Amino acid sequence: MQAVNTPIQKNEKLNANTNGTDQKKTSTDEMNNSAAKVGKTVGKPFATNPKMTMRNVDVFYGDKQAIHDVSLDIGKNEVVAMIGPSGCGKSTFLRCLNRMNDTIEICQVKGEIKLEEMDVYHPKQDVVPLRARVGIVFQKPNPFPKSIYDNVAYGPRIHGLVERKTDLDEIVEKSLRRASLWEEVKDRLHAPGTGLSGGQQQRLCIARTIAVSPEVILMDEPCSALDPIATAKIEELITELSEKFTIAIVTHSMQQAARVSHRTAYFHMGKLVEVNDTKRVFTNPEHELTEAYITGRFG
Amino acid sequence: MTNSNQALSTAEKVNQSLQKRYRAEKRFKAYGIGAIAFGLLCLVVLFTDIISKGHSAFFQTYVKLEITFDPVEMGLDDPSDTKQLAMADFDSIIRNALKEQFPEASGRRDRRALYAIVSNGASFTLREQLKDDPALLNQTVSVWMLADDDIDTYVKNREDADGETFAGRISEKQMGWVNTLIENNQIESRFNTTFFSSGDSREPEQAGILGALMGSLLTLFVTILLSFPIGVAAAVYLEEYAPQNKFTDFIEVNINNLAAVPSIIFGLLGLAIFIGFFEMQRSLPLVGGLVLTLMTLPTIIISSRAAIKAVPPSVRDAALGLGASKMQMVLHHVIPLAMPGMLTGAIIGFAQALGETAPLLMIGMVAFVVDIPGAITDPSTALPVQIFLWSDSPERAFVERTSAAIMVLLAVLISMNTLAIWLRRRLERRW
Amino acid sequence: MDFSQIFMVMAATIAMTFFLGRFRALKLGQTVGGRKSLNSLPTYYGSLMAMWCGIPCLILFALWMMFDDVIISQAIMQELPQAVLELPASERGLIFNMVSNIAENGATAGSEPYMISAADRLQSLRETSQLTLIACLASMFLLILATVWARMSAQTRARTHVEGGFKWVLLICASIAIFTTAGIVFSVLFESIRFFQSVPITEFLFGLEWSPQMAIRSDQVGGSGAFGAVPLFAGTLLISLIAMVIAVPAGLMAAIYLSEYARPAVRSTVKPLLEVLAGIPTVVYGFFAALTVAPFIRDTGGLIGLSVSSESALAAGLVMGIMIIPFVSSLSDDVINAVPQSLRDGAYGLGATRSETIKQVVIPAALPGIVGGILLAVSRAIGETMIVVMAAGLAANLTANPLESVTTVTVQIVTLLVGDQEFNSPKTLSAFALGLMLFTITLVLNYIALLVVKKYREQYE
């Protein structure tokens, strides 16, 4: 495992470390073997009009390195999908973008992550305004055990976005409409959010996130706990939302990535292997590992 | 062929020892049932013993006498004058009433025995009566008065001991008088309001638990006020904020050890620190509450931590993901969701504190306090300590009252625990 | 106006500053374009202002409360007549008490003229002290308020500051456990050291005679007092042993039956019933032991010709055992349930009966946990106070006969410290030495027990 990080190190280190790679080549595991093939990220990781820029990001859990030297841009109003086998670090990377990893004490992030001009990991950067600008939707729908209304109103309340109750009502309605949940819940806004179905709960979580009017929305496998019909609704929603928001979505469903995203990033064992336009990734991948993954050889 | 033979012999061997093994099994099971039966039997015996001793204390014997409010005897001419009322001699009119009814008591000793039928607290009843209704002066009315505890004991127990007459501590003559009173319907057993409405007294018939109960409540009030917020805050710190380091470990070791330190040690702490060092007064509910706070804190911290742990991480993620700060996450989500669990643990802790005696002995809450305390800085005692104090008194009437006080204490504790269980069932969320 | 009133007024004023801060934030918001352009919510500005104004005032108030009395009484003492100053410390204390009594309740018949003048002086000093305090508090408050008011801006990171304060408060609350332990250690240690200055530690630990009654007059008989604690330890051990003999088998078997045999319905009724035993206050057990069990044992013993003391160790131990049954059973229940089902299945699969599985597989696997639980129970028995105070004796007999009366460490602590006592006599101090012993023993037992249980849990996690 240690040896695999050598190829993407800086060039001057490359030669010094190749010996180590050679020694470890005896490993029979296909994954480990293939990992050695990861070189520098191929494709187009950079955007012309970037909203968020990540440069040389390394993430460590204690001594273990989970993300190796990832550089990527997310363009304005773009949907970027992150795919890859489980444990490849895509969720870890996503959670770095609004510092949700701060809750894990042993997690350490190196490199540069910027939201426009704001340095996300600057020691003096407060996470609260950051998270107001970069919202997140989680894998499992996690509404607060409060009413639907209070769920959506929570963000605007804590951030002091409104001064009057009527403004708040307006935001709640607008967010629920945008999450295409309004018609289903408008008569029971004060019923508990936990009483909704799984798909509705997830849309409620999305409404809750957009109520704060973030600039970027991170989605961490938002449909993995949902049935196909609910999934379709959420996907439709993502497409609509991309008109107004910048979205980064982690998914383990390649079809989903193909349906909703503009660009797709393929992660493998903590490294970013390939980033390309979604069409290109699924029809004519540049890297052999990407091809192996999308054709189902592992994952 | 050999195979099946062997199999058969194994089965045979097993069968041979089978009966013995099943007997051992039955014996073992019987031990288990026996152990449980023993535990339950102890519980039943304990409760029966307490209730059989204590139930009679809820009733009190009263004696009806024809009292003449004679101004000369009392040395009082104006009942509206509080000073005169305070000085007036009501004992003498009670004595007169008794003498009138039983003129045969003539000697000094007989007279004294006769007067002992009525409690010496009865004069207060008369004073109150006259104060409320000054027109009673010079009138003769029949008044129900508190009987002395020995008479009370005799009246309550005379029929109990099968066939044999029970005398208790009263003399034969007194027994005769009391029997006459009973025949004349001048003796009545009534619900014992004194027991619930007065403080401690040297006379069993005038002693009540209100003072001790108030002391206990005041002490508990201080304990709740301090230990719950501090305990919850400590639990929040340890679960949500504490970094993993030596200092945090040290705090945890301390909490776990304090949870098992004998309560009397906390009493020594209170005596040396609060009374010795800070020079607070003895016998105050304030000091008692402080000591019990330190004693219950570990329990509350441990149960609150469990409740906080039970709040799923997804709720924390949701709050943080929206940009709530850690403090907002804790105050808006974690604490409200953990509250039922924390309350359940805390109520159980408070029930323990309410039943605690030893540390209160150390800080001097064992004084003989007649007045009913009204503030946390009034000297007072506590219900368990009152039980301890009364259990030392030889009078049968005090044994009865001790048991009754225990019944009250147990009733309070059982209702607190029931409340805790109800809260847990009703409010606790399963994730 | 007394201190509690000053405190009330101060608390109310500090609460008011919250609204002032909020108001200030809203005003600031107006100048920079609405509430939204503030760094934090207005409530945080309010909390910040209350925090800044409140904490210094509270600290000043607390310090004043701590030192005010000491300084004033020093001043008064210095002004007392020479004759009084030469009296021993305890008598001077009494005189000072009389003076403060006069100051509060007025002169009585026994008051000396110098006392009345001292009381007047005390009264005036107290008033001055309060006035000074009010003045200090008010000026400090106003000063801070003005500064904070002036320096507060729309960019002030109010939320960050408030959250920092919040975290500190939580940390202090969590540290109270440390302070408590330290308080216990210091309170028993200091007094014990003073005790060991007058009584050698070897005599205390190995002496066979305990009679702490010091003579009040030197000519009294047996006045020297003996502080050999061995009989107390022996008595404690005897009673704890009896308790464990009752509680361990009963508690363990009950736990085994409930977790391995009983139907869920039985389990869910019997378990809480047994736990009622644990919730009964110890003073109730003490009453039960002293008034019911002890006479019963004495009478039964009398019937079969044994002479039983009415404060026999047996009665106290028996009742203590009953009290500890639910403790042992719930701890054992936990560890037995932690034994993985797979171990049981292994034994059942070989055709073992239930009792064989329990005896040969479950119990050996759970043994460390059970031992840990028993150690905790022992520590509880040793530290138990009320049962022994009410049912065991006072005389320190060195005996192993459970029918005789023995005394325990806790009984002696209570007897020595209940009621009025002077802080300096070895008699009083010996109670703290006993407390130190008790604390050390229980601490060691708890520590070992918790360690054993923790190791055991890790094994199956």
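As written, the chains take the letters A, B and C, and residue 1 is the first residue of each chain.
Criterion: a residue touches a chain if its C-beta (ideal position, glycine included) is under 8 Å from a C-beta of that chain, and two chains touch if they have at least 3 such contacts.
Quick caveat: nothing in here was measured; it's all calculated off a predicted structure.
*Asks:* Most central chain by CA mean?
*Replies:* Located nearest the centre of all protein C-alpha atoms is chain C.
*Asks:* Weigh A-B against A-C on C-beta contact pairs and write down the one with more.
*Replies:* Looking at contacts between chains, A-B has the larger number.
*Asks:* Taking each chain's centre as the mean of its CA atoms, how far is chain B from chain C in angstrom?
*Replies:* Each chain reduced to its C-alpha mean, chain B and chain C end up 20 Å apart.
*Asks:* Measuring from the mean C-alpha position of chain A to the mean C-alpha position of chain B, what distance in angstrom results?
*Replies:* So the centroids are 61 Å from each other.
*Asks:* Centroid from C-alpha atoms only, then distance chain A to chain C, rounded to Å. What do you get?
*Replies:* Taking the average C-alpha coordinate of chain A and of chain C, the gap between them is 52 Å.
*Asks:* So which stretches of chain B touch two or more other chains?
*Replies:* Chain B, residues with two or more chain partners: 325.
*Asks:* What are the residue numbers in chain A that touch two or more other chains?
*Replies:* Each of 128, 158-159 in chain A touches at least two other chains.
*Asks:* Which positions in chain C are in touch with at least two other chains?
*Replies:* Within chain C, residues 159 contact more than one other chain.
*Asks:* Please name which positions on chain C make contact with chain A in the complex.
*Replies:* Residues 34-36, 38, 40-42, 157, 159-160 of chain C touch chain A in their complex.
*Asks:* Spell out the residues on chain A that touch chain B in their complex, using ranges where they run on.
*Replies:* So the residues of chain A in touch with chain B come to 98, 100, 103, 105, 127-132, 135-138, 140, 142-145, 154-155, 158-159, 205, 208-209, 212.
*Asks:* Would you mind writing out the residues of chain B in touch with chain C in their complex?
*Replies:* 14, 21-22, 24-25, 27-29, 31-36, 38-40, 42-43, 46, 49-50, 53, 229-231, 233-234, 236-238, 241-242, 250-251, 254-258, 260-266, 268-269, 271-273, 276, 279, 294, 297-298, 301, 325-327, 351-352, 354-358, 361-362, 364, 366, 384-385, 387-388, 391, 399, 402-403, 406, 409-410, 413-414, 417
*Asks:* Touching chain A in the complex: which residues of chain B?
*Replies:* Where chain B meets chain A, its residues are 243-244, 312, 314-325, 328, 332-333, 337, 429.
*Asks:* Can you list the chain A residues touching chain C in their complex?
*Replies:* For chain A paired with chain C, touching residues are 126, 128, 158-161, 163.
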